[in-house]
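Next come two complexes built around chain A: one with chain B, the other with chain C.
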Partner chain A sequence: MTAASMAAAAPQKNALLKVLGPIHVWALGVGIVLVGEYMGWNFSVGKGGAYGSLIACWIIGLLYTCVAMIDSEVTSTVAAAGGQYTQAKHIIGPLMAFNVGLYLVMAYTMLEAADALVVGDLIKTVAGQYGAEVDTKPFVVLTVAVLAWLNYRGVFMTLTVNFVITAFAFIAIVLLFFSTTGLGGAEPILRHSELLTELPYGWIGVVAALQFGMWYYLGIEGTCQAAEEVRSPGRSIPLGTMGGMITLLIAATMTWYVCAGLMPWEYLGQAVTPLYDAGRLTGNLEMEVVLFIGTIFAAVASANGCINDASRAWFSMARDRYMPQWFGAVHPRYRTPYRSILFLVPIAVSFAFTGLLDQVVTFSILSGLLGYTFMSFNIVRFRKLWPLGSINRGYVHPFHPIPCILLGLLCAATYFATYLGYGASLLSIMAFYILISVWFVTRRYKYVRRGDQFTMPWPRPKGY
Partner chain B sequence: MDFWTALEYAAWAVSIVLFGWMLADARFTSSQYGEDFLLSSREGEDE
Partner chain C sequence: MSKPYQPPVQSGAGQFFDSLVVLVLVYVSLMAPLLFKEAPAAPEAGAEKPAVTWESLNQTPAMVEQWDKLGVNIEAAAPMIANRFDYTIEPVSLILTILVIVGYFFFVLRTSDREFREVIRERFGPGKEN
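Here is the complex of A and B:
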């Protein structure tokens, strides 16, 4: 084929590739979250005791079930990269969209940094067991480099890899559950009757535990970032998201049950890798190895999904010129938002190099929480402007408006819980988003494609 | 040089190679295609 004929055959438009199915959506959502089962959730035990953590697990599970239902309905209609950013743009307005887009980019980039830090720390721990001392930095950078490269080269392989390693990490939890409870034929070793206590700090401890209860599920809403790359968004997004939420509810409950039956709450509440510790307490070397690999895989899957989601959110904002348009490029061969992927790499590495894991994760959690708060009123406006029957929905969530009212109330309770533990962080993050909003209104909004950004073939909203 | 030190150097080396490859490919892509084409993706449009 000559150069002239190649040029003539080249497509006139460049776009993300529609190759994903429900398992990729599941792998994206569960992959981002499952690391929270391997570590982090147990800080809720330190705040409210073992029972307090279980209550937080179920209450926050309710919050995320509302998130998953609401998100599935809106995303099955707004099938575009950017997820909640695109929803906000169509349903609320530009300032909300800008803020939601930033919540997404910050939440996922910070979580990616925290995941890479965890991989580095795990390698350091292994080296320590052999009497060696290693620097975590090269392994943090390597984690980000390999995953960024994978994301750069194509979304199908990225999320297929995520499916395999996330499935392994989930199966490791199930195996641990069966091996410790005696359901797998072995002798049961759980000692709930000896280890479970009353609520050590009363009900205020349970409220404080809500903040860390988010670790069980934080990031499941990331499934909708894949909307522009799935073959059938109306089917795949609700199926992948709701399937992911069910997986997480099972994994969270199993994790709590096993860990609370093996470790006293005083230890569990400050353990760094509680599931790996549980694997070691079984006295079974194979189980210990499986849980170690599961911990590494969970952290890697989470970082991988975060790179995917943060880059899609940044790419979508750039495409509408909320950010410089240069970032809105799609790679003609790999069909990925390659400039956005590359741009966010040094930011994630910089956050990881600070080593401030708790602060980085708190910023990520709060950005996520702001996004959930947005969803609670977004769905009310969505149903009001485009009532059922006015547009084609791939999924309609039941019992409206109970889920959105519940979501709003649970978000308020979680803000209060966060204020109890991280008041200064909460206020500084609020100040950051207010200042950046002022910048957007005064300096950036003039560049936004005001007419072109509304792309959905919807009828005129009711009342307009 | 012990195993762990060698592993640290290997991690730096692989990272540099991967980042270098991505930067080179991004630069090459920008030189081979026009900006209008690279930025032609539109939300909500099927291929």
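Here is the complex of A and C:
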């Protein structure tokens, strides 16, 4: 590398402390995603039946394995805060980065809305079991407001608590599995032979189920948000991310096995809190309480992580002037992006108020899916602009280009799956990203400092 | 090296307006399918409805037992069971959807490439093909 080509190598000010290891990376990924086992995944049963959902779970597991492989290479090399947003700035360009930042904000804000909606609905259900009638809206507002306040004040303690409550939510799934299958010594109560049916829509239903199959894992790529704080990115990020994927595959399979053996598929396909319902069906009050707490904990932990990640993505865009600079302010006392946190609160609350969990989940899934589509051509361009050996890569994923081709094909299949049954939502969200992209090009880009968009200490990209 | 681009300073009112535009776009684009979601058809007044049975809903005794344990009676279960997706593929809407997605990525990638060249030129100096 020449001195001129190292123009971007200026040391970063305010660098974050490198204190995280593979376990922390694992906890970050699983913490946001685990709520997917407690709600949302089961809509894939509604679209393709119980077996359709299981096949979708494994196929989408393959999609996420490709995501984890590709993301590990790029993140361990672009080890900077901002995750995929920062990657897009350095590899594709500003408009793509703007869109990727929005994918993150929308995916996490809609997931946060879904989490709050589930908390409200679960409390209403439990109150109904005891003869009381409650409105879900105050609980939705309370959940989002309390978590936004915690994030406003700083998240160090909150994220520590997050790890503990995520662990509880995972153990609750394992306990349910052992208590219902008889492996824990109790009488097995699962009735697969009596409840499982053939594919209700045939194989087209299996394809359609891919849409909600994403909910089993959506957010695992959040591991790269902490890239700058990881001690050894080349080792910790692939290890933590792939470990997280294995954990989620096990949890997803256990969740499917228990729920499919306890509920008729027509109920399971529309349930808001399927794991809590499974807890009720055990007839064991302790298990019901454990699953109630597990559902609340998983939703709260996820919502908390979502507020944290969405607000930081919004903040990063504002700091780069992709969004109004006003949002790029840091609280003088708590050192948090408080304006970004507050701005996203009414959006999350109003979508949670609709009560349409499947639609809200679809918005989150589609934003995630657009992000994975970006990853498939991002890695191709990354290898083209900076071939192996031209820069120090923390990790080089094997079998390139098979994972990115497979990822692209699976993303295309999932767009088609969303078209089946949720075509209007798909077109609507595409209209949103098209309109806002045109707005960025015609209105916002003039406020962006061009040279500041490239800060990595890399040589000039090949062909530029 | 050419002079770095100096962006204009945006006024507070301009920033407020831009924030409002983003909010409106989010609500209009994302709320539209929620607001126009087809409401379930209301039952015809005075029409005689045949009595619904678990058998007519294709539910086995084991399934009926689980519905009971879940606290869902046959009246509540019937619309849940009848609620089915229509997977008819309409060629026009499918082609439109494909064109929108492909067109979106084409526009974003092409524009990004043009902007990326500006960034690289400013960061590394005038173009020098490798």
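Everything that follows uses one rule, which is that the second predicted complex is superposed on the first by the 414 of 464 C-alpha atoms of A that agree within 3 Å, B and C clash if a C-alpha of one lies under 4 Å from a C-alpha of the other, contacts with A are read in each partner's own complex, and residues count from 1 in each chain.
The rule is short, and it goes like this: a contact is a pair of C-beta atoms (placed from the backbone, for glycine too) under 8 Å apart; a residue touches a chain by one contact, two chains touch by 3 or more.
Bear in mind that the values here come from a model prediction, so they are computed numbers and not experimental data.
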Greater residue coverage of chain A in the superposed arrangement, chain B or chain C: C
First, second, both or neither for A:Leu95, with chain B first and chain C second: second
First, second, both or neither for A:Pro401, with chain B first and chain C second: neither
Chain B versus chain C as contact partner of A:Tyr464, first or second or both or neither: second
Touching partner for A:Pro188 - first (chain B), second (chain C), both, neither: neither
Touching partner for A:Gly328 - first (chain B), second (chain C), both, neither: first
Residues of chain A that lie at the interface with chain B and also at the interface with chain C: 325-326, 453
For the chain A and chain C complex, residues of the former touching the latter: 4-5, 7-8, 46-47, 92-97, 99, 106, 129, 191, 194-195, 200-201, 204-205, 208, 262-264, 266-267, 270, 277, 280-281, 283, 321, 323-327, 343, 347, 350-351, 354, 356, 359, 363, 373, 377, 415, 419-421, 423-437, 439, 441, 443-451, 453-454, 460-464
Touch list for chain A against partner chain B, complex: 11-16, 18, 79-82, 86, 127, 130, 132-135, 138-139, 141-142, 144-146, 148-149, 152, 228, 316, 319-320, 325-326, 328-333, 338-339, 342, 345, 453, 455-457
Chain C residues within the chain A interface of the complex: 4-5, 7-8, 10, 12, 14-16, 18-19, 21-23, 25-27, 29-34, 36-37, 59-60, 62-63, 66-67, 69-72, 77, 80-81, 83-87, 89, 93-94, 96-97, 100-101, 103-105, 107-109, 111-125, 127-130
Partner chain A, residues of chain B touching it in the complex: 2-5, 7-9, 11-12, 14-15, 18-19, 21-23, 25-26, 29, 33, 35, 37-47
